[in-house]
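Just below sit the structures, each encoded as structure tokens.
Each of the next two complexes has subunit A plus one other chain: subunit B in the first, subunit C in the second.
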Partner chain A sequence: MEIRAKPTRMELNRLKGRLKMAKRGHKLLKDKRDELMRKFLELIKENKALREQVEAQLSSSFANFLLASAVMSGETLEEAIMYPKATVNVDVEMQNIMSIHVPKLIVTQREEERKNATPYGFANTSGELDSSIATLAGILPQLMRLAELEKAVFLLADEIDKTRRRVNALEHIMIPQLEATIKFISMKLDENERSALTRLMKIKDIVRGDESA
Partner chain B sequence: MPNSDRYLYAVGRISVMETRLVDSSKIERMVEAKDAEEALKVLAETEYAGHMADLGSVYEYEKILEAELRRVYLEVRKMMPSPEIISLFARKFDYHNLKVLIKAKYLQENRNELLVKDVGNIDLDVLMRAVSDEDFSDLPPLMREAAEEITEAFRLEVDPQLVDLRLDQAMYAEIFADLKALKIPFLTGYFTRFTDLTNIKTLLRIKRLGLDRRFLAQALLPAGEIEAERLLEQLDEPLELILDGLAHGPYAKVVEDGILTYQKTDTLTRYEKLADDYLIDYIKQAKHNKFGPEPIVGYLLAKENEIKIIRIIMVGKINQLPVEEIKERLRDVYV
Partner chain C sequence: MSMYKIAVVGDKDSILGFKALGVSTYPVTGKKEAIDALRAIEKEKVAVVCITEAVAQEIEEEVERLQRQPLPAVALIPNNKGSLGLGMQLIKRNAEKAIGADILFGKEGS
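Now for the complex of A and B:
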């Protein structure tokens, strides 16, 4: 399908310019898409590894917690952990990956609190609770990194999707359309030229016939 | 001995109640049950049946245990000729309630569902009023002192751990002060053993967490047989030396097996089980004294132990833990 355009030489030049631009844009976007893809795969790999790591630790923490809950009464357990001791500061900064702004989480924690995350007394709590809480406290930085990665992957996937759609639109619609239109106009112009020529020849014939008569 | 017959009636009743304790064959059946429902069915054959009528699902097993604990405390308190002995054991509920109230206050939340009602020595209203008005003058002196210290410290910085640490220490200081007045060697013996075993465990836990002596000093309970200084010194020593130091004491067996397993597996599960078994073993001798309060205390502790056992089984069954893992944690029974 072609664009509806006036078959004039000016229009033709304009369309030729657009085609050139579209082809350049197409190439650039294709490069961008490939690079994004590369980054994306990289991030996904890291994300997968980290997620597996975090999940393994989380499940061990939960298992310990379960065992702690078996040897402590419900109220005692709840009381022990009702008021968390550690506080964590999270700052969000922006990081630029291929002009996409992904968040970067910066976790700051007080040294003494990182060392001691247990908010309870030791007289009537189980040792199994320690391991559970310590593991949980230990994986906080990894959890934050995971959050950061997942968001980046999500944003990147979105961007890749958009870029790919643009590349496809350029490749399969925009450029063929422009080419078709350019072809149409140049044909039309050629046609016009030919008809003008014929007309001239015809007029010349008529004029000549008159002279000879 | 004067008044030696004043316990006779109560002890007589207790020996009847003892026969209703869940015995090891029932425990065995619960452990071997194929799921939580079936384990509960075994429990329904025991005196727990009374609390099971309005049970919605197996997940509410904690309600049965709570109800049973309350029933036992109320009943024992009623028939005990010297209720101050039961107060020793009920003190943990007062301190638990105080901890919950103080923490809830600084969290600005209402966590009243965590309070233990009816079984404590101090009326809940008194505790609530004391905490909300920051006026602790109605509380026992040692508890009051601790609560005031915490309130004072919290003006500068809120550290929830301090609540537990300080109140635990106050609680055992208070218990030992009462024990001095009561002069019942059996009870003093029990609490001494309890604090010692707990302190050794605390030493190991704090060592594992990598905390310093100053912290350990805050976490140790007062008045055990093993002096706090000795435990403090051992904090920086390797496990083998700690083991050596305790290997000749009365807790040799618990400590040896417990710490060796801890070295291998990095869990204190075995130690905790052995420590509880040691205490149960200690109170078993109470059964033979028919003229003192010992059998009554023995029954109360046996009941607490039994509740612990049932909780371990129920948590294990609900979460489909392998039978060995449940057995690993099961405490011995009293009967």
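Now for the complex of A and C:
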């Protein structure tokens, strides 16, 4: 396959420039892909480990919560946590990984609230509820980190996919096409040159023949 | 710097505990409510959305759409009936997409 082009010197120069550009772009994109991959592997390993950890802790918290809801009546339970005294906010900073914007989350929780997250008195509630909420409060920062990681991994995977497509398109389509076209043009130009030369020689012969006759 | 909120979406029993932490909770049942909740979350300044796997399963496209935007970050959490393994699956899918082969879960075979 080759791009249709007029076999002129100007066209040839233009295509050579494009080929050079394509090769450079290919190299750069390949480097980008490799770096993205490295980052991605780092993140996804952490992601997996963290998810396992968070899931385990969440289930233990849920188990405690289930026990609490079994021991206490539904109304008391709801009443106990109806009005949370703590408020959790997050700060967001944008991080730039290879021109992909990934949010970085910073949980801001006041110290005394972290230590004592229970918004209710202890009179009417069961101990299971306390420990359930304590674990939950404990894993909140990890949960934020998990969310952040998952987003980063998702976006990186997308970007790697895109970059890989571009690299492949350049490597297997653009560059061979350009090379084929350049070859075609230079052959054609050489051919033209040869035919011009033979024509000249022929004419010269004819002219000489006329003179000697 | 502005402050962002954390939101939790899921069935009521699973996410009640989060409420005690001062996180905004969106109890939902069924697909339509879940989508409405996500739409509402989008309008607020929310940085993190935790969705229980059971709910996320029903509204997969919406979740993916949110994840594609810079904010909020979405995390799947198990509900009180245990993990469906959806979060892990998602990690696996990402790995496959990026690398072309699954490298993390290779030993378990699949």
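The definition used in the following text is that the second predicted complex is superposed on the first by the 213 of 213 C-alpha atoms of A that agree within 3 Å, B and C clash if a C-alpha of one lies under 4 Å from a C-alpha of the other, contacts with A are read in each partner's own complex, and residues count from 1 in each chain.
FYI, a residue touches a chain if its C-beta (ideal position, glycine included) is under 8 Å from a C-beta of that chain, and two chains touch if they have at least 3 such contacts.
None of the values given here were measured: they were computed from a predicted structure.
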Let's test your reading of the overlay: on subunit A, do subunit B and subunit C clash or fit side by side? fit
For A:Lys151, is the partner it touches subunit B (first), subunit C (second), both, or none of the two (neither)? second
Should A:Val167 be classified as contacting the first partner (subunit B), the second (subunit C), both, or neither? neither
With the two structures laid over each other on chain A, which partner does A:Leu66 touch: subunit B (first), subunit C (second), both, or neither? both
Touched partner set for A:Val92, first subunit B, second subunit C, both or neither: second
Which of the two partners, first being subunit B and second being subunit C, lies in contact with A:Glu78: first, second, both, or neither? both
Between subunit B (first) and subunit C (second), which, if any, makes contact with A:Leu136: first, second, both or neither? second
Any idea whether subunit B or subunit C touches more of subunit A? C
With both complexes placed on chain A, how many Å separate the closest C-alpha atoms of subunit B and subunit C? 8
Shared contact residues on subunit A - subunit B and subunit C: 66, 69, 78, 80, 82, 84-85, 118-120
Under the stated contact criterion, what part of subunit C meets subunit A in this complex? 1-6, 13-14, 16-23, 47-50, 67-68, 70-71, 73-80, 82-83, 87-88, 90-91, 94-95, 97-99, 103-104
Residue ranges of subunit A touching subunit B (in the complex, touch as defined): 66-67, 69-71, 73-76, 78-80, 82-85, 115-116, 118-124, 126-128, 130-131, 134
Mind listing the subunit B positions that touch subunit A in their complex? 62, 65-66, 92, 96, 99-100, 103-104, 106-107, 111, 114-116, 159-161, 163-165, 167-168, 171-172, 198, 201-202, 204-206, 208-211, 215, 219, 221, 266-269, 271-272, 307-308, 311-312, 315-316, 319, 321, 329
Along subunit A, where are the residues that touch subunit C in the complex? 36-37, 40-41, 44-45, 47-48, 51, 54-55, 58-59, 61-62, 65-66, 69, 77-78, 80-82, 84-92, 94, 101, 103, 105, 108, 113, 117-120, 132-133, 136-137, 140, 143-144, 146-148, 150-151, 153-158, 160-161
